[in-house]
Amino acid sequence: MLLAIILILIPLIAAGLCFVSGKKIAPIVGLFGTMLSFFYFLYMLTVYNVRHELMYNTFFNWIPEIKGIFHVGIDGYSIIPLLLTQLVMLFSLLYALNSNSNKPASYFGLLLLTQAFLNGFFIAQNPITFYLFFELALIPIYFLVLNWGGAERKKAVFKFFIYTIFGSLLLLAAIIYIHSAIGANQLLSWKEFYFQKFPMHVQLYLLVAFFIAFGIKSPLFPLHTWQANLYSNSDKPTVIILAALMSKMGVFGLLRFVYPVMPAINVYQPTIITICIIGILYGALMAWRQTDMNKLLAYSSLSHIGLIAASIFVMNVQSIEGAMFQMFIHGLCVTGLFVVVGILESKSNSSNINDTSGLARIEPRFASYFFIITLASIGLPLTAGFIGEFYMLYGLSIDNILYSLFAGISVILGAVYMFRFYQSVMFGKLKNESLQSSSAINLNTEYILAIIALLVIIFGFFPGMWIDFAAFSFLEYSEYLPN
Amino acid sequence: MNSTIILNLMLWPSLIGFIINGIFGSRMSKNLVGLIACAGPLTSFVATVIAFFSFRDTSTIVDLYTWFQFTKNIYVGFTFNIDNLSMLMMFIVSGVGTLIHIYSIGYMHEDKGFWRFMAYLNLFLFSMIILVLANNLPLLFAGWEGVGLCSFLLIGFWFSNDEYNAAAKKAFVMNRIGDLGFILAVFLIAKTYDTLDFKLLTQKFLESGLNTPVNIWITILLFVGVTGKSAQLPLFTWLPDAMAGPTPVSALIHAATMVTAGVYLVARMFAIFDMTPFTQQIIVYIGLATAFIAATIALKQNDIKKVLAYSTVSQLGYMVVALGCGAYITAIFHVMTHAFFKALLFLSAGSVIHGLGGEQNIANMGGLKSKMKWTHLVFLIGTLAIVGFPPLAGFFSKDEILAVAFSKNIPVFIGLGLCSVFTAWYMFRLYFSTFQGEYRGDHHKWDHAHESPMIMLFPLFVLAILSIIGGFFGMPEVISEHHAIDSFLKPSIFSKNVFHVSHTFDYMLWTLTVLVLALVMYLTYKRYTAKSKSAYDAQSEGIGKVLSNKYWLDEIYELIIIKPLRILSDWFNRVFERVGIDDVIQSPGFVLQRAAKGLGILQSGSISYYILSMIIGFIIFFLMFIKK
Amino acid sequence: MNIDYIFYLLTALTIICATMVVVSKHPIRSVLFLVATFFCISAHYILLNAQFLALVNIVVYAGAIMVLFLFVIMFLNLNKEVERNKSILYWLGAIVSAGCIFLMLVSSVGKVALTNGNIEKENYTLGLVENIGMSLYTDYLFPMEICSVLFLVAMIGVVLLSRKENKFTTNTVSNV
Amino acid sequence: MYKPDIIQYISLNHYLILGAALFAIGLIGVMVRKNIIIVFMCIELMLNAVNLILAATSTFYSDSGGQVMVFFTMAVAAAEVSVGLAIIVMMYKNIHSLNIDLFNRLKG
């Protein structure tokens, strides 16, 4: 039986089991649950027909009074984020195995709950289901950060929560408006949503609402100020989810919601893309001067996500393919980088990049994984990072070559800050002798890093099929684009 | 033989070597590592030889698999093109590459990271081979960035030293600036011509043949890429710093192969450059300026490798001038001869450094010819080749460039001529102060100075022979009817540009060359064989000061680009993020908080007040109802 | 003696006692005057033929509640404590505002124009115990039962509040 | 059937005015007194004023609802007084005073 909703149910049930099981069993149950959903998804993929518009549907009348229909299913856009979710959750849980946290039962339960809601989010097939999971996913993350993490976590998560709730409110208002404007029709799937034509001024309001809602989630400049503090104050498995998956929720939401407002985007395109590009460069410049590894990665993430968002706004086949692919690769890279940061922090008890140096001499394997992931994140050809950036920058250049010029500066700055990070941590003299004592990576983390390094290289050499998933969906939905 | 098999043999062996050495190298013996590392380029070289005999004068396209389908019409595959141009480059890359691999076994033998070094060299060779063989722009770009990455790894090979790391990062970042130009050019090409395949592109360029703004932008952006990779003004300052890497790296990457990638690219895309005279003008002047500035800086450098580095930059300037004039084959010819003699010079300089236990300052050398006979000999050959002493390799290629410049643009010719004089001056200065005269340095080192082992000398001999005979492939028509390189490359680079100079000019030029060389040789001999070190002191005033400070180019870049960015970024970090964004976004919150504080005053905590206000409210309501 | 004289006398007494509650300085006296007021009100109830209410008023208010007050005052030993008077301005303000309320109520009494009773279905025995009991246990059964729950809750609340080691109360008062 | 004389001689308005007067007196007490127990007692007084009006209306309209309402009010008042006094005792234990001006924790 192949149904998309099972992708929600597996982690959900596993989460329930985790909550009630004991200290020792909970991690095993959790790992088993996420593996099960991973393999289930892989099995689904093997049967998936990319040319088929929607597969594995489930829908029922959820709130009949407001014509709210619950509808989940898998289309071309869902594939890549889903694969990313399963992979990253697996890595996150694997990593969580060695961080000896207190209350593991609720910890793993919450992680799996996040996975369930994220899966639901990515397979939601109409606005109201989408909104349901958009909100639900926030809850377990809130508790994860609130209970496990750094010293200032309460403040950081409060800020995050307020920001996100504000954005969600706007999104809710927009969805309610859309529902009421559509009148008697039911929003069964995205297509019926894309079919709607709104007047220009309404489109502008909707665009602002979407931009703020998803811009906060992503985050995009200038709505990002919650990000750095939250990343540096959360536990590593949580921050992996935040950076690799929650940030994708924002851009994925943009991708889902921009179709009906495309005319407005086309009119205001220079402004929107300029905001995105400012964000790209701003993030890169901020990342350059950070000394805290987490914050550095947070700002680099801001920069990368800005590029993805910009290419979603220009909305042509290359930019969308690139954006989808880059979502995946950025998710993988940022997972790897945060695992690296976690290892470095546990070695030197500090997240300052100046407190660690010269590790490459004693940890050559670790150094090479880290290096490959770094290369992928700066977009070197023959790693997967290049493919996404190439597509996206080309997509931008179709509208205006200047967009790609300025967005491309981030490629240079990316090399600057990532190599600054890498060199100051791995190269130089071995300052602190205590670093030498314990081995940096244990088997779990080595698996994670090795798989990620291998994946980014494989996807760098053979990106073809994965790019096609997005392309087919794009072509299918693009008939709703104006002109 | 099947073209696919040959191509695979050309392409993959180095990668396999990299993987084996990279994964198992630390556990294998050094000899085995060296053997595996050398086997890669050697196989490629042999395969190239086979290809040379099988596919000469044809353009054989081998499509391995689809990398990605970029747009509906643009297919980007792992597609390779074996034609004469790529074969010639393959000869240079794999041939010189093999020699330098062999040399490295001797040079790096004592280093703890020997396996790592050989692995990186292999990876570099793999990238370079991709670059050379690629049949479309993205694949070429993959090699293009790949060599940049290996350059980064190898410059920063001794990564405990932070200065070396900085140099490595500088090289990579400056290359990336160029790469941005390159990739934008790729986008423009894809948008305008709807293909990224070299063969189709050349066709389309030749068909359209228009000097449109788009074409000008494409060529300019491509050239930006070239300035990064081939170390032209304004992006050349990374190359001298790149000498931080081990000497074989300088020889292979920063002299013979990688830095000539830009020249190769322009030669590949000759058709579009041919139709944009405006860009060609820019290219000529940038090449000339680079040649001139680098040559003058080299006059005052005391580090043996730095002199050679600036000399490389200067020679690249020559090639770029040739490209700007439309003489693509001449440029490639110079690439070839330059690869021979510059690799030779670097390797023999490495031999000197090796023999002196790491000493690089020529002020502390002198009289080494008695200690290192063979090195001295090959260095002399290299010097004579680079200064253009007939009939060595440099003579013919340089002469051709000068002739091309003369036929196109007399002022440029004069400028290049001047550069040649400078070249002669700094090369002879280098030679005399290293090998002739008396030793000026630490006597402890003198006692230990020794000739290098055979494994290092062998590549030197081969390169020396090539430096002597390399020029004969491209003899001018005065001497021979048959210009081998020209006729070999014509099928690939069928540019219609013709350069004609009178035979009288050739004879005059040669005479002048020999005379000037003799004069320079005499003057430098006088000046730099003395025992005193005063000739090497950095001058504190006049032009000498400007030159020994390299025109303060690094400082200027620091001041006008890096520092403002750093200040901006710091300002963002400290002020803007908090005040400009956070506070602005949260200002509604602040307003609410303030309002709540203000309203809080009403909440006095005294029951009487509450009741009083309640009563006032009652009365107000009552009066409102009374009115009705 | 006409019944309206009784009413006016009783009313005057009620007002005087109520005023004394407010003005007397000693808490015990206040309590006692309040008890007197309640007696007066009970007398009013009897005049209105609401015997049950009159009895309950005496038992509950004048008996139970006021005893509770007295008990607390004595328990806290407050009979010596003499409250410092507030200024005359305070009194003035309070009287004026209360007077306003009074005027408001009185003027609204004039406006509403109530009729003097529902003549058609005159039933003057509903204040008797029997009738009140009937309506309490038929029409108002549910509120009645809820009342008992309320008492239970109040009892638990009181017990909880007056526990010796009551940290909760201490904290709420000092930390709010 | 017995008919109370009062209905013949006294109008409902009298009772309403008496209730209003008692209410106003209670209000004055709440406002001016500082002793929290007295304030509490004044509140009881106000409650009784309302009770009186309810009972009077009930009689004048021959509707038992008003009297039942009074009954419930008394029940609630009893509960309220018990809890309120408990709270007062607790507060007295904490700050050793019954001055209402000291209970101003709600001050904004």
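Side notes on the structure shown:
First chain written, first letter: the chains are A, B, C and D, and each begins at residue 1.
Throughout what follows, contacts are C-beta pairs under 8 Å (C-beta built on N, C-alpha and C of every residue); 3 or more make two chains touch, one makes a residue touch a chain.
Just so it is clear, the structure is predicted and the values come from calculations on it, not from any experiment.
Touching subunit B and subunit C at once are the following chains: D. Averaging Cα coordinates per chain places subunit A and subunit D 64 Å apart.
With each centre defined as the average position of its C-alpha atoms, the distance from subunit A to subunit C rounds to 66 Å. Distance between subunit A and subunit B, defined via averaged C-alpha coordinates, is recorded as 37 Å. Each chain gets a centre from the mean of its Cα atoms; for subunit C and subunit D, those two points are 4 Å apart. Chain contacts: subunit B has residues 608, 611-612, 615 touching two or more partner chains. Along subunit C, residues 90, 93-94, 97-98, 101 each make contact with two or more other chains. In subunit D, the residues that touch at least two other chains are 27, 31-32, 105-106. Annotation, chain-chain contacts: A-B, B-C, B-D, C-D (touch as defined at the top).
Residues of subunit D that touch subunit B in their complex: 27, 30-32, 39, 100-101, 103-108.
Of all the residues in subunit D, the ones that touch subunit C in their complex are 1-7, 9-29, 31-35, 37-38, 40-42, 44-45, 48, 51-52, 55-56, 58-64, 67-68, 70-72, 74-83, 85-92, 94-95, 98, 105-106.
On the subunit B side of its complex with subunit D, the touching residues are 597, 599-608, 611-612, 615. Against subunit B, in their complex, subunit C makes its touches with residues 90, 93-94, 97-98, 100-101, 104, 108. Residue ranges on subunit B touching subunit A, taken from their complex, read 22, 26, 65-71, 138, 141-142, 144-146, 149, 152, 156, 159-160, 162, 165, 168-169, 172-173, 176-177, 179-180, 183-184, 187-188, 190-191, 217, 565-566, 568-570, 572-573, 577, 581-582, 584-585.
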